[in-house]
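Note that subunit A is present in both complexes that follow, paired respectively with subunit B and with subunit C.
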Partner chain A sequence: MSKTFLPSRLIGRGFTYLTAILIVLWILIPIYLITVAAFTPREMIYDFPKELVPKVFSTDTMRFFLGAYKVLESFRNSVIVAIISVVLSITIGAPAGYALARYAFRGKDVYSIAILSTRAFPVVILSIPLAVTFIRWGMYDSVFSVALLHVAMALPTTILVTSSVFLGVSRELEEAAMTLGCSHLQAVLRVVLPLSLPGLAASAIFTFVLSWNEVFAATILTLFNRTLPALLIVQIDQSPIAYRFAGGFFILIPAVVFMFFIRKYLFTLWGITLK
Partner chain B sequence: MAEIRIKGIRKTFGKVKAVWDVDLTVQDREFVVLLGPSGCGKTTLLRCIAGLEQVDGGRIFIGETDVTDLQVRRRRIAMVFQSYAVFPHMNVFDNIGFGLRMQHLPKPEIEERVQATAELLHIEELLERYPAQLSGGQRQRVAVARAIAVQAEVLLMDEPLSNLDALLRLEMRAELKHLLDELNTTVVYVTHDQVEALSMGDRIAVMKGGKFLQIDSPIKIYDHPTDRFIGSFIGNPPMNFLTARLMDKGAFVQVNETKLPIGPEVADRLRATGKDTIWMGIRSENIDPMDVHAEGTLPAHVLVVEPLGSHNLLTAKIGDAIIKVNDHPDSDIRPDQDIWLRLITEKIRWMDKDTGQAIN
Partner chain C sequence: MKKFIGILMLGAILMGLLAACAPKTVIETVEVPVTVEVGVKETEIVEVPAEELDYGLVTFISTQGVPIEEAEAMRGVVLKDFPGQVEFIGSEYENFEDTILAEVQAGSGSLDVLGALYGQYPTLLDAGALQDVGPLMAKLSDRGIPDAVVELGKLGTDTQYYIPWMQATYIAAYNKKALDYIPTGADPEALTWQQFSDWGKNIYEATGDKKLGFPVNGLLHRFLEGYIYPSYTGGMVTTFKSPEAVEMWEFIIDMWQYVNPQSMVYGYMQEPLMADEVWVTWDHTARLIDAFKNQPNDFVAIPAPSGPMGLGYMPVAVGLAIPVTAPNQEGAEELISYMTLPETQISVLREVGFFPAVDVEYPGYIPQGIRMEGEAVALQAAAANAVPAMLPVGLGPRGGEINKVYRDAFDRIVINGEDISTVLAEEAVILQALMDETGAPCWPPDAPSVGACQVK
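Right after this comes the complex of A and B.
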């Protein structure tokens, strides 16, 4: 029986691999080209055809970019905003997710829909009221304000993702910890939290990437203290092409590095074990 | 001293009365089994004792302490869960030592007690392993070891054997019984498996619909069920029930066309009910099948013969009723044969046809 199915299974498997390779190439080729361009001397950037493996390696372009006005400062801003966003969205969102997962309370369904509905309003519509509000509060042009807005944008997904993560941790584990001498909080910290780390990491990545790439809120709420994407979006049109590649590379890297470190947790989340 | 006293406990989930007005006293060092079909409230009652559910009414005492409003960790209980609830991110050693670490015991003492407990359950080889690397039976041992390592005064067990395969369950049942005998703790054990209940408990509390039907020793529960439900729930096969008519002011009863004599003392009891028809309950091993007619026997027709090794189980028809009868393994009674059944009179249990309760 199994032999007759073999060819079709092979074809199916081959198709899966082909699709995977295509998707990976689709993502990797631009990244590769940007990276190569970012480390090509400025005068060689227009050379055609391109070498597949660059012969000349130069940090000239990158140094030009990093030396440009405000770049390093806005990079620092971006990092700070992303970190604040991740920390706040997890510390606020995870407890809310836990409550959704573990407790039955009046209006639970309405609550979970209400959480999502905050995302129903595009930031564009809210831009002027937001700017006005932050100016009134004296918080305009501050890194912290941008982070707050990013937290507001990330919270709905953080809450819903973490609640499904907590649902995945058996309630009996928590109860077992309590019968063995834990308070409820200790049971969560010692048993539930370690087991939900992969899920929480995934949720943190989501927030990090959201914050790192977010342009609109950052542009509205800041003038001088811009995050990197907000700075680039205004400068990129008037910049030489070398600057664009260097900027593209620079904005790509932290997300890749972040993913690399948190990858282990993502794999366990998807049921793949690395040994 | 860790006697458990439960007084008027009530627990509802929405409109469902999971446990309703229940009283139970478990003596110090007694092994009480809560037995009942699923949904009868036995697990809910256990969780109330543990403090994992808050009661809607009533009080629970462990020893002299009123624990009704105490947190789980203040109740001096340990619990084994149906799913084992072994912590997957800790190895076996850390799992067993978890409760001891929560008590902030010195490290050497923890090591010593984990080692001793592991040896008790024959898992000392597995201390470095993680739960994912263990079989179901081994995980079950870890769960039991973790619960007894803390040496709590009360041990609560929620269907601890139900996830094991049949052979392992049989083996673990005897081992667990032996272990718990040695430990001398008060045990409340929940199961829906009547064999487990009969074989392990000092006393069995049969539950149905959130209430106790009978709390007695296993042999009493088996032999003298106070309710028709208990007779039909306990025993394999369950107790047979036949409709009997009271004749001649209780001088004898009639089943279909056959008249069976009854003793004067039983006749008085039956007459006192003022009913014409009653349930007559008898277990399969208390019926003698014969292939010839004799005085005072019930004619029946064999439908199925199941050779079970130690005996043959007959399924026979008496009028419209189906009856299960034990027969000798080397008997030559065959399907489709007419037989006559002699009932052991003193083993017959009489029950009210309307309420299902035993007539005493």
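Right after this comes the complex of A and C.
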């Protein structure tokens, strides 16, 4: 009995690992190739077949790229925009999500759908009116304006994700806290928030990545203070392939680093622990 | 545990902040070599006037000089000696247009000087975004800009809307190693496309390597619109699905047997030339220039080949305009004046590979490679059978769509092997719809039309 059971379990486990390895490779191989190409001397970039472990390294392309006008400045802008977006979308979105999770009110379903519909609206057709409005309000060309638009784009998902996160926190705990002398606000701050921190973090990742990769709003609303994707998308698109790899590498790494630090919470969101 | 998570969160945010601050220190260490290099170049070429003028901040947005190295050369070398602070912003056309239109609608702006292709101005003109620069043009009459080029800047009206800045075109190039295989009787300076293809065939048969190359991932659509179509059909739009066009596509399919398959990823032909992957090719002058500059003894610039209907080629005219909302009017005019100085024009040629719009003598320090490219350009324009093809005009914001029609036709016929007539018939419908919806009349090489251009 156990003789036949064991191999099939082993095969099953082996299959799981194999699938996991394939998925990981599927993601890592392009990243690896981009990284290698970013540090390959320019005249060798078209060499084919590629060596798996490159023998010649060159930082020329990368150095020129990093020294190029405003690349580092726009990198800083991107980080600032992403942080403002994350903070604002959580501060505005979490209370709305809480309301959706805890209170029954007239038109709640319509409200949830209305929130999502703003995301369905194509921002592209707004480009000129949006820029005109920001110019008239004297808010054109600032990182804060870009962050505002990113918040607007991220809010629907933030609200819906946080609302499901708050739903997962038992209401009894909150009520228990209130019977022990907490006000409603205190109960939320001391009991509900700490319990939902992982979910909030995941929603923060989502906003961060959205803001980090967003090009359209960042290009139309800025001139001098561009974010990294806005600055690069045009230049890289029209630049020799060596710079495309350098730019791709440079824009990829911060997102990977951010993910690395926050990945624990992502798994929590996907239902492994939310107790 | 929760505290621990909180601390981790804080850590992540701190990391972000650190990343935000760290570059400041890097910026100095990295920029130093760049400025040093620039300094050396500058002493070689530009005479700095002694006057202490300052025209303040001049914002210069351009659809040309966008690739990272060209933009750096514009900032670090070309614009360096302007008495004032020039903010050069390279921009793709859609964003360029949106930004200008938004500023004009809002009634206040930050852009002072616009740099764009001839065909990119009509939409801005229609929106009332362009100033009359006639008086400035009059002041610059001593620059020696040919009348025909000045006339282009009127955009078909009686008013001068842009000042010619620079020009470019697309040419062919070959590696001297390929000369052993050139078809008998062929003159490299007056090739036909058939000879171009046979050249590739000879190389393939002798060496087993496919050494022709095209920038499929680059400006291939210009090859189709401005070179092969006019050369084989005498037109660009009207002859899109003509019998001559069918023959032309058959020729391309045949030639493609000798084209390096890596062409699918080539954006610029200078790298594959220098990497010895391609021996005979065609591309934009600015995208070949490095090969001629770095190895002038290995590569030769030649006019594009010709076809049964002549030598189709595409001159690219670039102009400078001032938007009605320019905050620094004086600075804008001075910058345009500066850009048309012979020294600046030469410096643009040297750094970016665009040719002067003004009449200049090439000074002795101009590298041989650039000189050679300039000669090929002149030879091409002066060819007796030249068929100049203009960049698509009058399509406004939908200018990119025409390129897609030609590229799609290429992908379907040459790459996917679909039936030529079927593809041309289907793509012609899209092309015609584009013409009808924009109402664009025909432009050269097609004969002028009343109303929207019609595919025959």
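The rule is simple: the second predicted complex is superposed on the first by the 236 of 275 C-alpha atoms of A that agree within 3 Å, B and C clash if a C-alpha of one lies under 4 Å from a C-alpha of the other, contacts with A are read in each partner's own complex, and residues count from 1 in each chain.
Note that in this section a residue touches a chain if its C-beta (ideal position, glycine included) is under 8 Å from a C-beta of that chain, and two chains touch if they have at least 3 such contacts.
All figures in this text were calculated on a predicted structure; none of them were measured in a lab.
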item	value
Contacts of A:L116 with subunit B and subunit C, given as first, second, both or neither	neither
Superposed model, subunit A: greater residue contact from subunit B or subunit C	C
Contacts of A:I11 with subunit B and subunit C, given as first, second, both or neither	neither
Subunit B versus subunit C as contact partner of A:S170, first or second or both or neither	first
Partner chain in contact with A:R42 - subunit B first, subunit C second, else both or neither	second
First, second, both or neither for A:L180, with subunit B first and subunit C second	first
Subunit B versus subunit C as contact partner of A:P194, first or second or both or neither	both
Which of subunit B and subunit C A:L28 touches, first, second, both or neither	neither
Overlapping contact positions on subunit A, where the subunit C interface meets the subunit B interface	194-195
Residues of subunit C defined as touching subunit A within the complex	2, 5-6, 8-9, 11-13, 15-17, 19-21, 23-24, 26-27, 30-31, 33-34, 59, 61, 66-69, 71-72, 75, 87, 89-92, 95, 98-99, 101-103, 105-106, 108-111, 262, 265-268, 270-272, 274-275, 277
Touching residues (chain side subunit A, partner subunit B) in the complex	170, 172-173, 175-183, 186, 191, 194-195
Partner subunit C, residues of subunit A touching it in the complex	42-48, 63-69, 72-73, 75-76, 79-80, 82-83, 127-128, 131-132, 135-136, 140-141, 194-195, 197-198, 201, 219-220, 223-224, 233-243, 254, 257-258, 261-262, 264-265
Complex contacts: residues of subunit B adjacent to subunit A	50, 52, 71-73, 77-79, 81-83, 85, 87-89, 98-99, 102-103, 146-147, 150, 156
